[in-house]
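I've put the structures underneath this note.
Each of the next two complexes has subunit A plus one other chain: subunit B in the first, subunit C in the second.
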Partner chain A sequence: MKILSKTRLENVFNKLNETAEVFVPMQRGEQSGFYPWQTFAAGSDKLWLEALNVYLPPKNVVFPQTERMYNIKQEGQDVKIDETYEDSKSRVIFGARACDVKGITCMDDVFLTRGYEDSFYKARRQATTIIANACYAPGIACFCSAMGVKYVDPEGADIIIRDIGDGYVWETITEKGEMLTARIADLLEEREVTLPEPKPFQQDVNYDGVAEKLKGMFEHPLWDKLSQTCQNCGICTYVCPSCYCFDIQVKMYGNEGYRFRCWDSCMYEEYTREAGGGNPRPASKERFRNRFLHKLEFFKERYGHPLCTGCGRCTVVCPAGISIVKIIDAVKEADTDA
Partner chain B sequence: MHKCNCEQPLVPIMVEVIDIKEETPDVKSFFVKNIDSNGVPFNIEPGKLAMVSHVPVGEGMFSCTWQEGDEYLQFAIKNVGLLTGELHQIEVGQKLGVRGPYGNGFPVQDCKGKNMLFIGGGIGLAPLRSFIKYCFKNRADYGKIDILYGSRSYADLCFKEELFELWLQEKDTRVHVTIDNPEEGWGGHVGFVPAYLEEINPATENTIAVVCGPPIMIKFVLQALEKMGFSDEQVITTLEMRMKCGIGKCGRCNIGSEYVCLDGPVYYLNQLKQLPPEW
Partner chain C sequence: MKEITNKIKETATRLFKEGQVDIFMAWTKGDLPFQTKPYFARSVDDVDNIIFDEYSIHNLSGTLLKFRDGQEKIGIVVKGCDSRGVVRILEDNQFQRDRLYIVGVCCPGMKDPLVAMKNYSGFNNKNSAEGIAAKCLNCTTPNPVIYDEIIGEEQPPHLQGERFEQVNALENMSYDERYKFWADTFSTCIRCYACRQVCPACNCRTCIFDEMKPQWVGRENNSTDNMMYHLVKAYHMAGRCIECGECERVCPVNIPLMLINRKLVKDVNELFGSYEAGMKYEEGAKPALSVYNVNDPDNFL
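After this line comes the complex of A and B, so read on.
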């Protein structure tokens, strides 16, 4: 087996950093997330590969929070679009958990299938190599396996690493992964190890039949009750590894400017407000219902699997104590005969 | 000459405004063509959408009112907000962006051999007009044509030349126009569209009704049609939702698992009734 010793982690980051931007999980002040290795500040940042889930998922690597699309120049009635910004710089995500890798493959379904390929997403995605960090001890908020995510054998990764205490087993999966492995091959060693036994989940979530049951529950009274405390703050969509809704906006400085897209949230009132003032989802309840139906029912109908990867982040950050796990339970228990 | 933006579906193709026509005090038609005057940026079938971009201001999704071959694309746009307000200020020669075509469009093939009943209110005649004109262009393919259209006042009626002249000259065609309130000089029908529809009481047999207008009108027209015996398979409508991408990615135009920009905006009523009631 190929092994990467933990003492050589930094050598690997430095080596990869020569040809790519390398995103690694770090704790940075009150925040944690995947930040570029070249911004690592030894005194204040902490490398945090053991974390099950850092606060922010690595989705910004392939789908940045704001992304410039093209430049605009205007001169009187003349308007020109003179540069587009498909970004195909090489990037590496190092140590993403299975749920976060799944978040990215959910976005692949959205941006790269069904009629159109999104050229901005495609450029970044093709230039991104994903190194997943297999989980052997799910955390207190985790329920990925209930959502069909293989936490020990993450799907969609180019390389999988497995923590064995003093190092990681290094398993190359795809061609992209082989190219990356070749660059750091001399930093790996060869030895046989036994892998740990995966520990069980700490909470029991059962998603079986939920999507199907939800089909008949659009008008169910449970949405009034569940949504009551939601403040439509949108933080649940912000931290979610698979939430991908975006807005397109323009920024002009005099006669020059650019159009960009940025993350949006279905929890906001403006999200569906029409130019004429109408809004199909005017109140909190409708937006709340749409978010959770999208996660648990609509996406599955369209793409064959749910849009929740069971990372648990939204259940931890919600100021109102709303939890997708409790929603799944409530749906399971709901009386639908009425 | 068609320039395709399928490689970069979110980047508009630049076009030039070659003509602007004031349809009503708050509706203008914009006629656009490729900048080199060589044709239109893309072909767009009746009922399909295009994102029209006043590039430094913003983008908005509009149903194409008509494509005249290689001559122009026409968009009739009502002044309702920031973008449309700015659009109403521009003059001939302005460069705009367009991207598309998006959506499914009207089922023009499906409707062959049918009598057509078009029911529109206000700016809702703009999308219908692409289908109406298509029927006239392929007149032999369709049976009798009834056009029922209403607006607040005479001034607010779009496409007057067609309503009161051109369409009346078409074979087997009746045009019924109504305005909401009596007005000096108006000798035509007064009243709302749904009530007028019941007065006209069109035959249901072998007929397809295509409805487009403000939500409240659509609601009562659908009720009236049902009362007259139209089945859900005989009724078509086209939905309006806020849209940003047009290609089923940005998420906001969903009704259930459908994306109206991609899978719609045109639906038979029986299809709509299977979706969550958010339309």
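After this line comes the complex of A and C, so read on.
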């Protein structure tokens, strides 16, 4: 087996950093997330691959919160579009968990399949190599397995690493992975090790049949009850590894400006506001219902799997203590005969 | 705490039976020991789910706004800070006093379920103290300032030391240092608007940040727009923030929002004071900056 010793991690980052922007999990001040290795500050940042997971998922690497699309210049009657910002700079996501890799593959479904390709997403995605960090000990909020995520064998990764204490087993999966491995091959060693035994999940979640049952539950009274304490902030959508909604807007300064896209959240009033001022999702109930129907029903109908990857972040951060796990339970238990 | 829970339950049961309330806002327990979350009881049958424990930190007063256009009579449990939130909402004419039955609880200081959740979830280093929550350690008003009935014994203020210590430290920085501090801090904002959503003072029907025509604040996540968001929000808080600290508590990226709000409290006090927002409900009373007075200082013009 190929092994990367933990003492050589930094060498690997430095090596990869020569040709790519390397995103690694760090604790940065009070936050944790995937930040570029070149911004690592030894005093204040902590490299944190042992973390169960970091707070902010790596989705921004392929789908940044704000992304400039092109510049606009108005010249008389003409509009000149001068530059597109498709970004195909090489990037590496190092140490993403299976749930977060799945989040990115969910975005692949949306932005790259079904006859529509988002060129901005595609440029970034094709230039991104994903090194997944297999999980062996799910945390209290984890339920990825219930959502069809293989936590020990992350799907969608180019390389999988497995923590064996003093190092990582390095398993190359794809051609893109081969290319990356070749660059750091001399930093890997060969030895046989025993892999850890995966620990069980700490909570039971059963998603079976939920998508099908939800089809008939749009008007079910349970949405009133479940949504009543939701405050309609966007934390859950912005810490979610798979939420991909965005808005496209323009900033103009006189005759010049640019068009950009930025994350949007279905929790916001503005999200569904119509040109005439009407809003089909005026209050928290409608927005809340849409979020969970999208996660658990609509997405599965279209792409064959849910848009929730069971990372548990939203259940940890929600100020009102709302949990998608409880919603799945409530749907399962709901009486739909009435 | 058990005793307080029982008293709250008794009151809720009585209010439902007498038909005095349609909804009773309190807290309930989640699955984990530290998970206490907002709960709206709608009938006597729900009352048993109510709990008041050391994690009942969530300020429920902002949630009243969900019902501002309705007719429902609402019972609400408030701690000291929450009660100031209720005053804020009443003063801002967002609710009629006679639709509310306010159950005050003298607050011994709370722990923060979000901190515990983060610490145990594995998403953060266990680097946050799990004792009395940061916002409670700065509390000057543990006892409700408005209520129809009150539970528990009066508590002394939890604030130890200088209220404006951190503000003073910030004021002592040079302009450049201060600018860098805030630019760095705001660069981490993810614009989830949780600070706005949880705030009882953020009760505008249409928020300036949601307006599109004109769009006052851009939607890009960059230092210009992030700073604009926080500056505009801060100015709207001047003389209105009731210091419940919820904005800072719910912030998923730990922006020290109370540092801004406390600076404004200090400035309003120095310029127009002494004035503490939401300490007393008097019909028609307005916060400092909502009143025109020819004697107001104008030396900043």
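Please note the rule applied: the second predicted complex is superposed on the first by the 337 of 338 C-alpha atoms of A that agree within 3 Å, B and C clash if a C-alpha of one lies under 4 Å from a C-alpha of the other, contacts with A are read in each partner's own complex, and residues count from 1 in each chain.
The working rule: a residue touches a chain if its C-beta (ideal position, glycine included) is under 8 Å from a C-beta of that chain, and two chains touch if they have at least 3 such contacts.
Keep in mind that what you see is a predicted model, and the values were worked out from it rather than measured.
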Contacts of A:T128 with subunit B and subunit C, given as first, second, both or neither: neither
Contacts of A:E269 with subunit B and subunit C, given as first, second, both or neither: second
First, second, both or neither for A:A141, with subunit B first and subunit C second: second
First (subunit B), second (subunit C), both or neither touched by A:D247: both
Which of subunit B and subunit C A:T229 touches, first, second, both or neither: second
Doubly contacted residues of subunit A, that is, touched by subunit B and again by subunit C: 247, 249, 273
Residue numbers on subunit B that touch subunit A, as the complex places them: 6-12, 14, 55-60, 80-84, 90-91, 93-97, 215, 240-242, 244-245, 247-252, 254-257, 262, 276-279
Interface residues, subunit A side, partner subunit B - complex: 69-70, 72, 74, 77-81, 84, 86, 110-111, 114-120, 218-219, 244-250, 252, 257, 259, 261, 264, 266, 271-278, 280-281, 286, 290, 293-294, 297-299, 301-302
In the complex with subunit C, residue positions of subunit A that touch it: 27, 29-32, 46, 48, 51-56, 65-66, 139-141, 203, 228-229, 231-235, 237-239, 247, 249, 251, 260, 262-263, 265, 268-270, 273, 283-284, 312-313, 316-317, 319-323
Subunit C to subunit A touching residues, read off their complex: 30-32, 35-40, 58, 62-63, 66, 113-114, 117-118, 120-125, 127-128, 188, 190-194, 196-198, 210, 212, 215, 218-222, 246, 249-250, 252-254
